[in-house]
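For reference, the structure I am asking about is given below.
Labels for the chains are A, B, C, D, E and F, by order of writing; each one numbers its residues from 1.
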């Protein structure tokens, strides 16, 4: 196991400790290297960089995946991660609502549905306000 | 409740009277303002504008969502709305078939699948021709 | 030349008589069959179908290409075609504005910019209202 | 039945013999012409062209659909087709992994998930590596 | 002029004071209402909401537009806005680099090119590190 | 300079020897790490993998970027690379034409335009057939 892998796993244990096993297990017998790349590139080389904290990074990923609208599972993983690194559910919803202006209402509504599943599983609903 | 909200709700009662409650209920405890924005912006400010009738507007939305291919639920809602404002199932299918030339066959086939679910639930199948 | 080709060219002479030569000329020495496919499939087999008139079909294409946001030249060709088959500039702008709700404001603003180039070249500006 | 239809069906019997019936059945009572267009255009006019063999063509389609990320069913059909024309599961996974660089990790991971379903149904897992 | 319009213009004067005139001028003779909607909806109703500060909001928009990859002008406007509300060029670049993992390297490289134009026009290059 | 970087540069010298300098120069004063990531991840870790040769890999990238339709510069770079590793212009055009079925005609036509620029600069036009 490389240094890069270990460095990436340290971040993943903070951001996605509850779902990471499942993703790797799913890739194990078919494309284990793709799992390794995810650890070694985004988590080891991007999320560890100075200049933006993990809280902001996860909000940005939530916004981007909501806008793209074609990665429901990963969006939920990153909503989860956004909570794990200290964002409030209300902040996450603000990001998703904002995306309606840039990628349209369907993308934003689907983003909220993803958030709802994650928040419900963590007993975070109803939100304040 | 603002004037804009009421104006938007009048349109929504015409276009989506059977699904609107459910969408708002889903947003209620997590992002009620997003539901309000949908009423106050597209329905109140766009669908009420002169220059295009509701029949044409709903066909255009069906075409756009089919092309984008990442908003299955909303596509079905608008196929439903397209029927509610007076389009025939055959006209809706024409729109979806046409999209194959601009966004490819997978997008069009998935659009037809969405239409099939809506038409089936309203006993509109098989189509003429 | 096949029947299908001739049938498609008849439509293209109505919708895009001013730009069609240029598209074919561009494809001539590199992918002439792609030009032939455009004539024989969308124009011959889709735009000639019953169930939607050319006016509505071109508005739907304008809406879809505005939403996709990655085909500026083709969007302008279809804005042009939409005019050629009898739509007013105001109707075309209504379509593009409506797309803001489904694909976001940047897509709609870029659609309007495309329309502006086409309308300007035909001395159609400023629009009424 | 046209010549073009028959020519396309010959290819489809090679690439998708196990799923083709189902697709056509689904379109039968709602948009049979869309099914016919799929046979007559991509399968009859594109996949029969010289210059690329079916093996390479199916890998390219798998790559494109993985990158687009909004056509899960069709991606699985083409992963299946890629196997049917002689690609190994390992080659298909290489294509999908490569897409991570051009369309991001979520698209690639979702592509692998699609491949996993197809490979599993054919008892091809675990892959060699 | 409505309250909503004035409220939105106050934000726009902070975020885009140097480019806003131009956008409105471009829309003036063709789709002035689209300009009004931009002021009244995203700027008046979203960017004024509690829960996220303007600094974070602009980074999220930069990330989303980089990921979508089809709105170069608007991306540059929001890179500009991100600077205007207090983000450093380095933070903006971090956002764009991060998007490579979710939407691929081409999207990220094109985002950097947009940033380069904006930073150059403001004499912010070379960046530190 | 890491081993991974050197390994990636060896591939890049084969695929993009004529454009690579320019890309790195453009990133140098603003996001040099993004350039490094491109070398170390896709070129070092993906393009060097067994299971697909460079010829096939570059065709797949051309297909994916044509389908996505929002990365004109990178598409041209990879069309160039596809030639550099031994594909004929005719094979590249076959890939792009095939994409019309999956991402629509505008994407394919824009792909051909990109190819035309590259082929022209190398005196490869007109193509055979």
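Here is the rule we go by: a contact is a pair of C-beta atoms (placed from the backbone, for glycine too) under 8 Å apart; a residue touches a chain by one contact, two chains touch by 3 or more.
The UniProt protein names, listed by chain, are A, B, C, D, E, F = Carboxymuconolactone decarboxylase family protein.
All figures in this text were calculated on a predicted structure; none of them were measured in a lab.
Participant: If we look at chain D and chain E, which chains touch each of them?
Facilitator: Expected: A, B, C, F.
Participant: Looking at B-F and A-F, which one has the bigger number of contacting C-beta pairs?
Facilitator: B-F
Participant: For the homomeric pair chain A and chain B, should the interface be classed as same or different, according to whether the shared residue numbers exceed half of all numbers used?
Facilitator: Different, since under half the interface numbering is common to both chains.
Participant: Considering chain C as a copy of chain D, what rotation angle in degrees (nearest 5) results from a C-alpha superposition of the former onto the latter?
Facilitator: 180
Participant: State, to the nearest whole Å, the distance from the C-alpha centre of chain D to the C-alpha centre of chain F.
Facilitator: So the centroids are 23 Å from each other.
Participant: Mind checking the centre-to-centre distance between chain B and chain D? Centres are C-alpha means, answer in whole Å.
Facilitator: Computed value for the inter-centroid distance: 30 Å.
Participant: Which residues does chain B have that touch at least 2 chains other than itself?
Facilitator: 33, 37, 41-42, 49, 65, 68-71, 74, 93, 97, 100-107 - these are the residues of chain B that touch more than one other chain.
Participant: Thinking of each chain as a vertex joined to the chains it touches, would you call that graph a line, ring, star, complete, or other?
Facilitator: Topology of touching chains reads as complete, every chain touching all others.
Participant: Which residues of chain F touch chain B once you look at their complex with the stated criterion?
Facilitator: 100-107
Participant: Can you check the complex and tell me which residues of chain E touch chain A?
Facilitator: Residues of chain E touching chain A: 41-42, 46-47, 49, 51-52, 56-57, 59-61, 63-68, 71, 74, 90-91, 93-95, 97-103.
Participant: Which residues, counting only chain E, touch chain F once they are in their complex?
Facilitator: 68-70, 89, 93, 96-97, 100, 104-110, 112-113, 115-116, 119, 125-127
Participant: Mind listing the chain E positions that touch chain B in their complex?
Facilitator: Per the stated touch rule, the residues are 33, 37, 41, 45, 49.
Participant: Residue numbers of chain E touching chain C in their complex, please.
Facilitator: Those residues of chain E that touch chain C are 23, 26-31, 33-34, 37-38, 42, 65, 68-71, 73-74.
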